[in-house]
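Handing you this structure, nothing more for now.
Letters are used for the chains, namely A, B, C and D, taken in the order the chains are written, and counting of residues starts over at 1 for each.
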Amino acid sequence: MDTQSMLMSHPSVQGRPSDAIVNCIEQCADCAATCIQCADACLAEDMVADLRRCISLDLDCADICTATGRIASRHAGADARVLHLALQACAEICRSCAEECERHAGMHEHCRICAEACRACLRSCEEAMERLPGLQ
Amino acid sequence: MDTQSMLMSHPSVQGRPSDAIVNCIEQCADCAATCIQCADACLAEDMVADLRRCISLDLDCADICTATGRIASRHAGADARVLHLALQACAEICRSCAEECERHAGMHEHCRICAEACRACLRSCEEAMERLPGLQ
Amino acid sequence: MDTQSMLMSHPSVQGRPSDAIVNCIEQCADCAATCIQCADACLAEDMVADLRRCISLDLDCADICTATGRIASRHAGADARVLHLALQACAEICRSCAEECERHAGMHEHCRICAEACRACLRSCEEAMERLPGLQ
Amino acid sequence: MDTQSMLMSHPSVQGRPSDAIVNCIEQCADCAATCIQCADACLAEDMVADLRRCISLDLDCADICTATGRIASRHAGADARVLHLALQACAEICRSCAEECERHAGMHEHCRICAEACRACLRSCEEAMERLPGLQ
């Protein structure tokens, strides 16, 4: 994924795109894919009944990360307030999902990796909210 | 779409599901589909260059409505704070998209219908935020 | 959802839109939402371990139905061959998901309703493939 | 994105996951994100009226790639025939989108990069269809 080159060739992005938005778009894509895989791996575990909340949060997280990555990619008619609220919702579900996955990270490697992806995405959303002009 | 019957048969929904959540799920699905159609109709208009912001907001709105409808449907491991933030982001994009569509509702019937779908979805998100226990 | 009015106001749709495509778009939205709800209801059942395949097919079905409904909505630059293949994949997952849900329709009302939504969506995809000019 | 490690820790994946499926999942995520960015960059170009078909195919491609990557990630209740049809639809839209983007790759760097992402995803879908047991 070469988000930086894509944004550099976007007519509405003047000069070098913000590292924060580039990173956020890529972390959202990564986290969405990882959460889908974690949900499916949890579903296949013997102890699936104990992993219901993890599966549900994984699916919520994948859905918001997908939407947020798409919204963060749009500069042609961007609405800063909408992006800010999407980033806020995304950061919150990443935190919830990371906390849940961390509870069984010692037992399930997929939850350990997924928690890391959620933490990285959470940080990238927070940085995007802090750094982007007009987003606050 | 028979969301009420689906939720009544959900093991985690005790008794009759909240009308607010049922309506919100259905309005999100309706608004997402309408926004996808409005974006494509705008793209086909002669004056497409004047409709860039409308297309972009339509696509943002479709993506958040899809994610929010999915999150509102999940009760197996629900996280009220995540749902609340998703509803907030959804309400905001519905408001932005409705305002933009209303600017050319007199000229484009698809924008008039889309603005109505966005307003209905906005109201349903606000009602869901007001009525649901634990969402505030 | 007033798909017919939306398509009638679309600059690329000449005259009255095909009933088959209107119905297909609406059934895809309905089936996607119903499958998301069925997956979550299955996840909350005591016998979740026996419902793994149902949950997985529900999620697949929701994802393809969402994509297919969006593609069927786009007329601005439509590629008939792509739509045909999407409809084919959508019909197949609707059939698989309906068959799986029917296995426990007697036990779980959400699976009974979901099977019906999948069957209706399957029929609408088949009709769209049969009726649309240039789709074969 | 560490899809290989995620799949290695999935209870239903015996031993080392297929390189073809790992690559396909990652290319689908990459192509979906790139297509969303290309659609938005095209929308912001002065010559947007000439890029309608490109925007529409970009959006179709993003939607199928997202769905296909999710379906390819699910092994808990996998239906090989559904995955095969999704891969077929995905390969076809990637080919259409690549051909369209290549028409203006000399003028728009975002279209050049997007065409490459689509070609890579097309190859990964074809390899997944060829290599995976039970997929034919």
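To be clear about the criterion, a residue touches a chain if its C-beta (ideal position, glycine included) is under 8 Å from a C-beta of that chain, and two chains touch if they have at least 3 such contacts.
These numbers were taken from a predicted model, which means no experiment stands behind them.
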item: Chain located farthest away, centre of subunit A as origin (C-alpha); value: C
item: Same or different residue numbers at the subunit A/subunit D copy interface, by half rule; value: same
item: Cα-centroid distance, subunit A relative to subunit B, in whole angstrom; value: 21
item: Distance from the mean Cα position of subunit C to that of subunit A, given in whole angstrom; value: 27
item: Per-residue overlap in subunit C, given as positions that touch at least 2 other chains; value: 40, 43-44, 46, 52, 55-56, 59, 66, 70, 74, 76-77
item: Complex contacts: residues of subunit B adjacent to subunit D; value: 40, 43-44, 46, 48-49, 52, 55-56, 59
item: Of subunit C, residues touching subunit B in the complex; value: 1-3, 5-12, 25-26, 29-30, 32-34, 36-38, 40-41, 43-46, 62, 66, 69-70, 73-77, 108-110, 113-114
item: Sites on subunit C touched by subunit D in the complex; value: 52-57, 59-60, 63-64, 66-67, 70-71, 74, 76-79, 81-82, 85-86, 88-89, 92-93, 96
